[in-house]
Amino acid sequence: MKKNVTALQKGLNTGITLGVVMVFLSLTAFTVVLANIIGDSYRPTPVTYGFVIALFGFFGGLMASSKRGLPNDDWKNVLTSSAAAGLIGGVILAVPLAVLGSIHLNGTDLRNYLVMVSPDVMETYLFGIGLLPAILITVIIFAAGAILGGAFNKGAARAEWRARWMANSQEKIRSAWQAPRVQQVVAGRYSKLFFMVGALLLLFLMPFVWGSYWNYVMGTVGLYILLGLGMNIIVGLSGQLVLGYVAFFAIGAYAMGLLSSPEPLGIQLGFWPALLASILVAALTGILLGLPILNLRGDYLAIVTLGFGEIIRILIKSDSLTWFTGGPKGLRAIAQPAIFGLKFNSDVNFMHLILVGVLVGVFIAYRLQYSRTGRAWLSVQGDQTVSRATGVNTYQYKILALALGAAFAGIGGAIFASRNQFTGPEDHVLMVSINVLCLVIVGGMGSLPGVILGSFVLKGIPELLRDLTDYRLLVFGVLLVVMMIVRPEGLWPTRRPKLEKQHLSKYDPDNDEASSEEVSA
Amino acid sequence: METLKKLVPSDLNASKWVRMILGILVLALLVWRLVDVILIQRLYGPDTWARFAITGLIIGGMYALIAIGYTLVYGILLMINFAHGEVMMLGSFAGYFVFELLAFIPSPGPENPEQVLLNAFPVLSILVAFLVGMLVSALAGYFLEKIAYRPLRKAPRLVPLISAIGASIFLQNAAMLLFGPQRRTYLNPTLLDRGLGLEIPIAGNNVLVPYTGIFSFVLSILLMLGLYLLVQKTKLGRSMRAVAEDKGAAALMGINVDAVISRTFIISGILAGAAGVMWGVHNGLLNHYVGYIPGMKAFTAAVMGGIGNIPGAMLGGMTLGILESLGPAMLGIDFQLKDVIAFTILILVLIFRPSGLLGERLSEEKV
Amino acid sequence: MTKLTLTNHPPVVIEAQSVTKRFGGLVAVSSVDLSIREKTIYAIIGPNGAGKTTFFNCISGFYTPEEGEVLFYGKSIKGKTTDRIAHLGISRTYQNIRLFSQMTAIENILVGSHCRYTNHWLDAILHTRRYRREEAESLAKAHDLLKFIGLEGLGDNLASNLPYGAQRRLEIARALASNPKLLLLDEPTAGMNPQETDEMIEFIRSLRDNLGITILLIEHDMRMVMGISEYISVLDYGMKIAEGTPTEIQSNQKVIEAYLGPGAAALQEKFSRGKDE
């Protein structure tokens, strides 16, 4: 749809967009944080900061010199476009910096209005030199980065030798994979079993090696996998958009807490009975919630369930229900599991418990997904009216999906509460629902590997980027939008089973005369 | 109504009994609480009730303005603009910074060298704050649509909703990173001091109606009237209605659908921006989270009135404001549970009258 | 091939007794009577907006008629939900193909046979004996149906990736998977070229001849209707204006008027008389 524009125009457009983004990143001090990460220090240096600016410029140059929209990609066009992008972007970045810089040099602390722009950050933006030279340097570095980016794009990334090299290496990998010896091992009789046992052993041993921090992080990822599996049944299979999933999680956690904590009810059941109760209560809530509202259209359902989640959270938090829920303080001293008198109280034990939970969960979800039940759900997602007219009791299947999905959340919540030995209203905010929904969608709706991948991406990677904690949600929001635009089917889209092939390999094709008569009968 | 009910026989029939039982339970609970609070316990005098109602009406006006934004967008794109509350929040911040800036600059007039611009020209200051707030929100709405929704026009319905959630998270956190998580106090011109107001004697007691409230209410009514005229009388309004009716046919009639959608977002943004500044002026508190709850409530209001229906959104906003304000007192429950009432109303409306108070009945799917 | 075979008393499959369906003030179907005997290919025709699809929807349970009765083998199915009706043995296709596009062809057929099996989610998790037996059985049957509609080897393709004609046949296969006694086809040859239409006619005949299924269809294509159906009802403005064998319908004055407007019949008569002379 884009009109053909000249190289200069394209460069200007790219530059303006990039400039605005850069201004935003500077005002939130993101550039400085990046500089810190690159320099591996707590204080940015002019060099690392300059490098970050150049890096963004380089990126802009890459964008400005991409083939799309350029009339042709000879050197002149590429350089014009990237230089224009660099210059205009640099100027747009420099103007607010100049304004802020002069205010800063007046001795005003900008943090009253722009919370991240501390005097230190401001000093970095000014490279520790005067206002005017700093502005000039910013523009020059940015533009230089952009021109370099354009040149790199034209000279290296798009060059013929690179394409040839890529093709060559792909070919090499393929031939190595298809080598008889490799195939023998892969397709060998026990290799699958061997591989699985190895993987299980590895999973079992990892918690001992990792240390408690990683056990905590990976435990969280595991819990989110469990939640994601349940959400995947509800959203990915039966196609109901539920935004109040956290309600089930909260109910699971609170059922565990209330039944096993000494306060406020003092029932103090053990972990296992409480776990069972959590699952049942959560599933029951799913059914009760589903009964009246499942005839609602998709986005209405989303809002009703969102409202339900908020109601649960507000009720938990409310002072007037403290006698029952513990109120804003939450629940403490929640029971931990024990098997044959062996107490689960270390992080390793909990990691193992979560691993077992995840494995069982994946197993159950897998079997459900590729069964008659799973197909019925998928048909409801595809076209509810037709599904019903084809003989699927859509209403029952939707409620079943909600109940099973809620049960998964219940397990997740119960283990979560027991692991932390605590649960309170702040554990059950809307963000949990949105996180779970997003991991399902980012992974790929209806795809089990997608759920696992999505959990790692959304809960694991942010833990790696500790330095970026403040920016995590920001990046998350952008990621969601970009993901929906670029790859709405998810990172690991679902694949349907090859049932015909499976059937043919099981039954000799020459021998199915008999069964075809069955149909006509 | 009758026919459309028949259009969705399957699931409605199956849950009919459930809904009936639920309805009876809710009614019984309501009657019990009302009788208990109003007739037996007599917790509050008429002046208190009046105060609650007035508060509700004022907040309701703001809900209505935001709700119109939801309704306009839903009517045209059939999507819930989840980030609409954040659009309002940005407008609120814009108004705040205008007031701060004006309070920073000394008045040029010779008569009172101590006075700042804000109090030297209060009416003008308020006007500028509102205009800037509306402008910022309008821009936010425009770019939101252009960046996050337009590429997804033809995608399945879940996709734009997720994108909207993403945009909402982004805007909220962008505001937090820019302006910080702390609560700020809206600095009003002394003319609109939050302590001042009309004293109305009711049942022997004086009920204070703050000027900010009167101002907000009048302004929101004026804006709603303006919007109504715009939609009913102007060419833009006609094309908006046409696009809402049938995008394809509207395009064939020579209407630039993309432009109409853009303008719809701009109009929604303007109303949300005004509501945002009002929110700040009246309630006095501001942070990056300020758009979330009003946004949810306004959506509830839009659904209550019948989503896609502009008078419905206005009525829904007012009704929700009043119910929410009177609710905890009427039911005799903790005032912390105010939000529970709003969400419960949302759920009940969707269960018992998915079309809302004024809307046409929206069936799940038409065969 | 006329009244004689029809009075030979095969049982009546479906019977509509003065079925009326209104939308607000509009009477979409007005007291239509109809009865179809076993193993007939029966067609409903009529101009656009005559209420054919509405009538179809009344039979398949999408709508509940305000007045009248719908009897399936003598038992009322009025007001039953569509899944119950499918369970009883009526299945249908749609005017604009409505397959489950994100599922494979064979999975679509498996969903079609859903109501003939009873295993549930616990069976699926535990892989009980019932689950394994039913899964193997339904898969074998689905594969046979796939073969029957000539899509063998394409079963693992997503339904949405199949060519148009194949999608039409797949939709019929999905309907057949529930072992229906009555099959409702809503414009089965819409959007097909003459050759594809001929193939479809053959295919529908083979359904009746090989599987013994009673077929009720709506069609616009006169050539097809006259070529395939044994009995025809004509609807106009929601009312049944004629019924009979194809030859009877072709010469019915009311029908010609309904299709071509009043006066057309006289004109045509004149025209054909002129030709005779």
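A, B and C label the chains in the order they appear, each numbered from 1.
The rule is short, and it goes like this: a contact is a pair of C-beta atoms (placed from the backbone, for glycine too) under 8 Å apart; a residue touches a chain by one contact, two chains touch by 3 or more.
Quick caveat: nothing in here was measured; it's all calculated off a predicted structure.
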Chain at the geometric heart of the assembly (C-alpha centres): A
Farthest chain relative to chain B (centres taken as mean CA coordinates): C
Cα-centroid distance, chain B relative to chain C, in whole angstrom: 50
Centroid distance [mean C-alpha coordinates] between chain B and chain A, Å: 31
Where chain A touches two or more other chains, by residue: 385, 388, 394
Touching two or more other chains - residues of chain C: 61-62, 81-83
Numbers and ranges of chain B residues touching at least 2 other chains: 10, 14, 367
Residues of chain B defined as touching chain A within the complex: 8, 10-12, 14-15, 18-19, 22, 79-80, 97, 100, 147-148, 151-152, 155-163, 165-174, 177-182, 296, 299-300, 303, 333-334, 336-337, 339-340, 343-344, 346-347, 350-351, 354, 362, 364-365, 367
Chain A-facing residues of chain C, complex: 60-62, 81-83, 85-87, 91-92, 94, 98, 100-104, 106-107, 110-112, 114-117, 119-121, 123-125, 127, 131, 134-136, 138-148, 153, 155-156, 158, 174-175, 178, 210-211
Contact footprint of chain B on chain A as seen in their complex: 24, 27-30, 111, 113-116, 235, 241, 291-300, 302-304, 306-308, 310-311, 314-315, 317-320, 384-385, 388, 394-395, 434, 437-438, 441, 470-471, 473-474, 476-481, 483-485, 488
Parts of chain A lying in touch with chain C, wherever the complex brings them together: 364, 367-368, 371-376, 378-379, 381-383, 385-394, 400, 404, 496-504, 506-507, 512, 515-516, 518-520
